[in-house]
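Going by the order they are written in, the chains are A, B, C and D; count residues from 1 in each one.
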Amino acid sequence: MDPFEIEFIGENRIVSIIPNFSHDKIYLICGEFGPFRAGLPMNVPLWLAVMLKQKQKCRIVPPDWMDMEVLENIKEEEKRSRFFTKMPHEHYMVEAKLLLGAAAEDIPRASEVKTIIKDIWDIRMSKLRTSMDALMKSGGSYGRLDHLTMMEINSVKPLLPQAMDELHKIKMMTRTSASATLNNSTFTQSGSSQNI
Amino acid sequence: MDAEDIELSDDEEEITAESVLKTLQNAWQNERLAPEILPHHNDMVECMLGQIQHMERNINKLPKTDLRSCIHKMELNRIKYIICNYLKTRLGKIEKYCIAIVNEEKQRIEAGTNYLTPSEFRYAQEYITNMESHLKNTILNHVPGNMQSFELNKMAIYPNFYCHVFLKANETINGIILEDLLGDQDEEIDIEEDSQHILQYKPIADLVKNGKVQLV
Amino acid sequence: MFGEKVIELLKEAERNSDTIDLYNDEKIRQIIQEMHILFKMNMDDANATTENKSLWTTVQVRHSALERNKRCLLAYLYNRMNKIKTLRWEFGSVLPPDVRELLSDSEYEWFSKYSTNLASYMRSLGEDIGYSGIDLTENLRPPKSLYIEVLCVTDYGKLELEDGDVIMLKKNSRHYLPTEECQTLIRQGVLKQII
Amino acid sequence: MANSNYLSISDILVTNEKVPCKFLLDLPKMGFLDPSATENDLKAGTNIEIPLWLAESLYTRRPPLVSVDLPKIYKETYREILNADSCTVDMHKLGQHFYELGCYIAKHDIKGEVSSTLLNTFRQRFKMILSASVSTDSINSVQPLSMSERKRTEAAVVTERALSSWLKIGDCPLTTANMVANHRKRKRAEMELL
């Protein structure tokens, strides 16, 4: 999938806004939102929040996790751990990109927040590359990927799944010759799963 | 301006438009990520089309500058995108795997478990007919006599069930068997609710179809 | 004769994967011609196998070569069919003349039939609930905004919008248009989105 | 699952690769397959290189008409090099279709070691592809790749670019369709030639 499609999926996430106008409930197909009361926080889907913000109809309430202290902790934890740590949610990067893009003035210390989120992202991406290599070396037929977000998973497509497909194809096509001499093979095949 | 709750004829319980949209979105995501064509969700598509139609009529009654009009239009565009992309993805698979799909579908129709909608099935059959006549006109009718046959079996392309996919478990599932090609030790794994994995499509194909896992 | 010519053809096709080349009528004809020669030799030798049994093997080898040639020709055509499909989705049901002339007559016929089949499928969408069909060549990208700014790349002429307004699309003119109404023109390269 | 390769151009090109064969029986009127032969018939005992598809069809006859030998990249000397460090091998020169041809040829390897060499090589070189896909240098700067490795790398580069442009751009831009753009580009190039 294209990153914009993942973003599209992530845009369904609910965020808080403070509208500067009042209006009755709006009945959308994806649910009812409102009533809108000027000055009072309320929940809407991310796509709607961005749209209203662009029309200068609201302020964005920064999500709890978009806070320097929280993010510092996440970053430290991510650096320390060998595995992927749990992110604030599945679409943290989409939310960060859209809110920081459209409503930087509503988010305290926005530019620092932006930098640290990018740092966390970069740490995770480089971990992801190491894990991919480890997965291939360990057998390359199965891997567990808890706590990776959809955008991160998407970033290894098609490379990782296709490489695993290719390995499988080689095994399948050369099976007869390989099974006969498996024992003196110089290469050991590990069936164990790899945690990434 | 109301997105009414709608009732699907076959089901007894009332289903909201909101839940239909969610299901359709998951179906779209699975269709995009699965190698094979999945059972169709035509009832969901038609339900959404009905909602869109209803909503569009109402929008037209609103003054152009009304804020609601933009919001509704944007939502409709989002849903239209899902529907178009979903149907287009299916068409792409139908074209690529046409011979295999039509063969299998004929058996499924007999069993009443068809994957394609009637118009998709018509499309697939017509597609093969057109392909056959083009290949005959250009090549097959001109080559030596014993080379002229249109060999469906050879030409068929099958989806790769051994390809690797990413999934997230909607519920805990025990005993998924991972085949070990080189040794004799197949591995059995359990997947807990919300855990994520990369593995072959084959052992989890049914779990995608019955909604126990979501492809990501 | 043993599949060399047809390989040249396929390598050519493989090199230009982003565009479609002129249908190579001449080469296809030559390859089919060669197949007939091989076939003729086989007929002759098959008749002589009663005297010389070992000729039978030769016949079978030529037969493999014939099969191989057939496979390659079909692959060439099939590969082009996939490109022609893309033309339908990207240019629409009317091809610009310079693209049209790259196809053989039979290919153009296939294009038309493909287009018709696709159109009747799209028309059937939602017909049970009184819909007049859906154009699947639209809504190709996740929607972002209802209006976008565009630059016109060629002198296109008049465009009538859904609300009845008519605008003039002239080269280098800029417009602010409903996304829905200009996405096809963007795909066809008439307009360009200004980011 | 049945074979889906009949219409695949890349599979046709792979099966067009030449492999060394030894003819076990005389083959009347097939002398032309041997460029150095002067006779009309191909004699038993002749060693020549012929395309894989032809070799396979001769090999599968009962009795087989040829015995198929391994191309040199799959032989012991190269296997040793590959198993030691496959990342130093120029696949562009030595094995354009290294893995694909290897899959077909493995059954002619009596020792059964081609299979493990293929897997081993693939796993080792995966790292190269991985780093090439995020490198800012061009693909050509990495140790020459086989055809499929190159395709894999190019696809990974596309993903990488899409992601980094997503991170930069706010809007989801609508663009000219691929074929449309490419045909226009080609037309422009042709016009300039005139």
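The rule we apply is simple: a residue touches a chain if its C-beta (ideal position, glycine included) is under 8 Å from a C-beta of that chain, and two chains touch if they have at least 3 such contacts.
Note that this is a predicted model, so its numbers are computed, not measured.
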- Note on the structure: If you tally C-beta contacts across C-D and across A-C, the winner is C-D
- Would you mind checking which chain's mean C-alpha position lies nearest the centre of all protein C-alpha atoms? B
- Query: What is the distance, in whole Å, between the centres of subunit C and subunit D, each centre taken as the mean of its C-alpha atoms?
  - Reply: 26
- Query: Distance-wise, how many Å sit between the C-alpha centres of subunit A and subunit C, to the nearest whole number?
  - Reply: 37
- Message: On a C-alpha centroid basis, what's the spacing between subunit A and subunit B, in Å?
- Response: 24
- subunit C: positions in contact with at least two other chains: 71, 74, 78, 141-142, 145, 179
- Residues of subunit D that touch two or more other chains: which are they? 6-7, 172
- Message: Two-or-more-chain contact residues of subunit A, please, as numbers and ranges.
- Response: 4, 7-8, 51, 157, 169, 171, 175, 178, 189
- Query: Across the complex, what residues on subunit D touch subunit C?
  - Reply: 6-10, 12-13, 16, 25-30, 33, 51, 53-54, 57-58, 61, 65, 169, 171-184, 186-187
- Item | Residue ranges of subunit C touching subunit A (in the complex, touch as defined) | 141-142, 145
- Contact footprint of subunit D on subunit B as seen in their complex: 153-158, 160-162
- Message: Considering only the defined contacts, which subunit C positions touch subunit B in the complex?
- Response: 28, 32, 35-36, 38-39, 66-67, 69-71, 73-74, 77-78, 81, 85, 104, 106-107, 109-110, 113-114, 117-118, 121, 124-126, 128-131, 134, 136, 138-143, 146, 179-180
- Which of the residues in subunit C end up touching subunit D in this complex? 2-3, 7, 10-11, 13-14, 18-20, 41, 45, 52, 54-55, 57-58, 60-61, 64-65, 68, 71-72, 74-76, 78-79, 83, 86-87, 89-91, 98-99, 141-142, 144-145, 148, 179, 183, 186-189, 192-193, 195
